[in-house]
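Just below sit the structures, each encoded as structure tokens.
Here come two complexes built around subunit A, the first alongside subunit B, the second alongside subunit C.
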Partner chain A sequence: MAPSLCAICRTERALIKRPKNYAKLCKACFIKVFEDEVHHTITSSQLFHPGEKVAIGASGGKDSTVLASVLKTLNKRHGYGLDLVLLSIDEGIKGYRDDSLETVKRNALQYEMPLKVVGYDELYGWTMDQVVETIGKKGNCTYCGVFRRQALDRGAKMLGIKHVVTGHNADDVAETVLMNLLRGDLSRLSRSTSIVTGDDRSEVKRSKPLKYSYEKEIVLYAHHKKLDYFSTECIYSPEAFRGSARSLIKQLERVRPSAILDIVRSGEDMARLVPGESPSSCACKRQKTPAAPVVEDDIGGCGSSNGRTPGGEMAAMDKQLRENEEHSGLETDIAKTISENKQAEMEKPKELPIRSANAASKGGRQTLGNCKRCGYMSSQDICQACTLLEGLNKNRPQIQI
Partner chain B sequence: MDSNPVPAVSPTQQQSIVKCKKCHTNEATLLSRAQLVCRNCFTKFITTKCVKQIGILGKETKPAPSREGTGPPSRKYLLGLSLGPSSTTLLHLLHENVEYQLAKGNNAPFDLIVVHISSSSSPEATILEKYQTRYPHFSFQTHPLSEALALPAINWQYILPSSSSAPQTLEELFTILPSNSQASRADITNLLTRHLLLSLAVSTNAQALLLGHSTTAIAELTLSEAAKGRGFSLPWQINDGLFNAGEDGEKKMLVFHPLRDILRKEIVTYTTLTSPPLTDLIPQDDPSFDSINGNGNGQKSVVSHKDLSIEEVMSRYFADVEENYPSVVANVARTAGKLVRLVSGNEDGKGEQGSCALCRMPMDGEGDERWRGELGPDETALTTTTTSTRPGGGKLCYGCERSTVG
Partner chain C sequence: MASKEDTPKIPITVDFSGGLEMLFSNKRRHQVSLPSLTPEGQPATIAYLIDYLCKNLISDPRTDLFVLDGHIRPGILVLINEADWELEGEEEYEIHKGDNILFVSTLHGG
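Here is the complex of A and B:
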């Protein structure tokens, strides 16, 4: 069979079959079209303004490395006028993060960007290795995820930066849509697809310029651009809803490659169908891109794309739901109250029951306030990170000096 | 045939009889929602769940002005019978409901027309004989799916602009369509089946179309439709309620899912518990039956994953979830049911956007506009010819466009 020519330039030999739509392209055209698509996402969503200082959440993994490379290229090509900085979080996981941080350090030189590393130990007084030592391997991803979300914000604040971009890709977003459907979490579903989270009220906004980029294309881009990235998964990877949703996405992609984008589209549309959400959130009416509030959640916890939720989450939820069903079967008001309390607990499984003035708002829509300890925005009096820390510190043996 | 109720009790347990958790008298032989129960209590559980829904349906379908004495039944429904375990079980439960009322000396609570849509162009007349014999109160019909191609509800000029008339057969349709994957064929087949059932419900003056979806089927549908880009129209597909049945939605038909509170595995167990078992009726080559009632994890071996439909991927996935985490399945169905039906386009005073030329669900103008903005006009240009000559012309919804032109 004669070698087929690139579908775009019609001169070079097609070497790449795009995972997204099976179009046959040459290497140069693939790289160009990948960058053009990210550029389109950036301009249509009006992600940046000229002169903006932007921190790239860099883990050393493929997604954030590609994000850094593409942003550098586009910033120069289209004159965004951005001041780009790499921001890395050191969770303190030996054998994983120390190696990937070396990659980020090389990236900083390759892309001529300043690098800031913020450690969990300096922010919280705990490294992840110490956390795991204390609480075991099960459930530690909760800590890591909660800590990381704040860590990026705190790191950005240290640098005086108000915008952090992350490497979340289309697969991550699709995965989150399915995961929230599986978990029956409509309020997260309605927030998870927004390209920007956090608005002017919050100190640091987040965005995901690779929201529409396929993971497989990110890998191809990194490969053909010979990018230097680190590809080991976190050693504390859990098995959870996210893992379940992830394998489902991969199967769907095999059946119909467009499925990933189709799920993203469905997720965006369904966000408007959630009761109580504003039905209009159109980005194209010349207003600023609507931003979903960041309330202690974001998608795709770690750089390894693994979940932040403990293993056996599905089993735990199943058990909890079943208990609720049993309780609702008892037709006395008392039982109903218990069951409702259980429901409320289920929605916030990782928090200690704290008596607070705004307890009434717990069942309803979340209201954004600030943590009384650290000042980080939170829908509770004490934010998740501080609550988790309190538990950890209680168990920490007193070290005599 | 071999009809095994789910063996929930191990041989060692059997030696000392385990009492049913509900009646505390009979021996527990079945596992229902993590409880060991007896045959009677299990059957009662299934019947109650269904009767509750039939009651709701009865309230929604107002009786015609009542005539004194022994007038004809005042309600009329149409049931879609796929010959699978769920729709057969629904038929059986409706039959029991009628028998119960007749035994009490009441009139039959409703008339029922049972319709089987056959994928064969000339369905065998004998296929429903066994059903008709067993359920003499109801009338049975078989229609070839190809009848759906001629329905005015589908506007072929937007789907196949190059051909002057509607396709005559499904084979013809699938050869003309640019997108001819198994995923697309399955999606379009589902849409056509639904169209034909709705149109038959309208033409027979039924007040409601009854579908046999189990909790598991609704959860599967939720995720499959999301995976096909049909998130916007999901509330029209999984919720009970009025559905546009005509060309411009001038006719509305109530669509109802009376088995929505029962898991598929419970239905499959139920088919073995009736006497005689429903498994005698259900054709054993029914794929849904095979894959569910197979041995243990029973899934048919897959030749190539590419040849599966989205629905098949989901049913495999949920068979596993249902087995291990049944409450998660129920939660998916319950949560998805909370999504609201939205008619897009009203806020700018543009009025309704109309409905999709193929599926007749409302168009999502706002979502389409935003998506074009976010992905750019070139997004699909490489897979199809050019954007401007793209069929549909804005008359197809996102999901239908995906299934027809790719």
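Here is the complex of A and C:
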């Protein structure tokens, strides 16, 4: 095969074939385009404001390393005026987190960002090693996932920071969309597609600037920029990615790479039909991105294996399904909206009715309160972390005899 | 075996990253002498290299983390001399002396 030239500069040899549009690009043009697209996501969704202090949830893995590198670059190039900090969670898993924390420490030097490490032991009084010792390996991902979700927020609070960005990519979002569709979990489907969760009312908001970035391109970006990242599998669920929704996503990508972004967009469109939720999208046409409320999302989802976790999931799914049944007006709402829109469509065939912002109507929404024990935002009286801790603390004496 | 040893070898560099090095003796870079012809007498391609690595180089018994249904596992990227193998003919690419083949997993977390 004769080497092809870059579709943009037409001088350098193409090294990358983009999954979203099959464009063949050289290294320099690819890096530029990748960064430009993240910049577009950030500006069109108005993710940041000048002077904002932002914590990057950093694991030392590819996604958060690329996120840190790109934010550092864009902050300087476009003058965002952000005060960036790396925030790492130490789950307390010997032989796993130690190595990746070393990577984060190097990243802190490379990107000249301060680093804060928060441990499960100081937050909850338990390391994951101790949790596994107590409850065994089965279902421990649930604990880890629930603890991590709060840990980032609590770590941010300790630093006086109100905004945490995470490295979730398009593949992660597509996977979560599929999982929530299979579960029939509409409110979580809606929240998981939002680029921002939490708003001024909540203490810490979350966002995912790499939401539209392919995992493949994130890895290639890291490779071509020679970024220092660490890849590993958690020793307590080493093969979590096998036989999961993740495999399905990757197989779809192999057949038709655009499938991933298509699923993300479909998820957003479906989320817009969920009553009572306020999903966001690329928000190009919008003034301000509405943020979905932060509830304790994705139980059992762990940072590196989002939605790929066994244990405790079925029970949670069951409960959620029952809650959804209470939203009885749902089915008719959607049908009504669609049929109304169909009429409109006949008059104005060019418009996509589903993308209109008023599709969402009133309906059931989880009421947000605070955990009576720790004060963390929760839809129940006692938050998931405190419930899990209660069980753990009861078991500790028995086990340690 | 004798005929195999008579086959000229192509020296190449094979790299593993993104977590795949764990399947290959925890080593990122391997110098490989690949037979220039397959047992069927065809020129060595990437498909042949993948098969060869599974038979000769992989140190972990879980070969399905590298190959699935006879093809490279979806989610593993292949770069041929830094270029995405999709630009080079994927499995059909004929290996040349001194080629650098990189396998990067996107499947592993941080």
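Observations, loosely collected:
Operating definition for what follows: the second predicted complex is superposed on the first by the 313 of 401 C-alpha atoms of A that agree within 3 Å, B and C clash if a C-alpha of one lies under 4 Å from a C-alpha of the other, contacts with A are read in each partner's own complex, and residues count from 1 in each chain.
One rule holds in what follows: contacts are C-beta pairs under 8 Å (C-beta built on N, C-alpha and C of every residue); 3 or more make two chains touch, one makes a residue touch a chain.
If you're wondering where the values come from, they're calculated on a predicted model, not measured in any experiment.
In the superposed model, A:Leu5 makes contact with neither subunit B nor subunit C.
Of the two partner chains placed around the shared chain by superposition, neither subunit B nor subunit C is touched by A:Ala28.
Once the two complexes are overlaid on the shared chain, A:Ser266 sits against subunit B while remaining clear of subunit C. When the two complexes are overlaid on their common chain A, residue A:Leu182 makes contact with subunit B while staying clear of subunit C. By the touch criterion defined above, A:Leu15 lies against subunit C but remains apart from subunit B after alignment on the C-alpha atoms of chain A.
In the superposed model, A:Lys62 lies in contact with subunit C only, and not with subunit B. After overlaying the two complexes on the shared chain, residue contacts for A:Ser231 are found with subunit C alone; subunit B is out of touch.
In the overlay built on the shared chain, the residue A:Cys374 is in contact with neither subunit B nor subunit C. Legend: residue contacts after superposition of the two complexes on their common chain; A:Arg254 is shown touching both subunit B and subunit C.
Shared interface residues of subunit A, touching subunit B in one complex and subunit C in the other, are 251, 254.
Residue ranges on subunit C touching subunit A, taken from their complex, read 17-19, 65, 73-75, 77, 79, 82-84, 86-89, 93, 102, 104-110.
For subunit B in complex with subunit A, the residues that touch the partner chain are 33-34, 181-183, 222-223, 225-232, 234-235, 305-306, 308-310, 313, 317, 321, 324-328, 330-332, 334-336, 338-342, 347, 364, 366-367, 369-371, 373-376, 379-380, 382-383, 398-399, 402, 406. Against subunit C, the residues of subunit A that register as touching in their complex are 1, 3-4, 13-17, 24, 27, 59-65, 100, 171, 215-216, 218-220, 223-224, 229-234, 239, 241-242, 246-247, 250-251, 253-254, 302-305. Taken together, the subunit A residues at the contact with subunit B in this complex read 7-8, 18, 21-23, 37, 40-41, 44-45, 177-178, 181-186, 195, 212, 244, 248, 251-252, 254-256, 258-259, 261-263, 265-270, 272-275, 279-280, 282-284, 314-315, 317-319, 321-322, 325.
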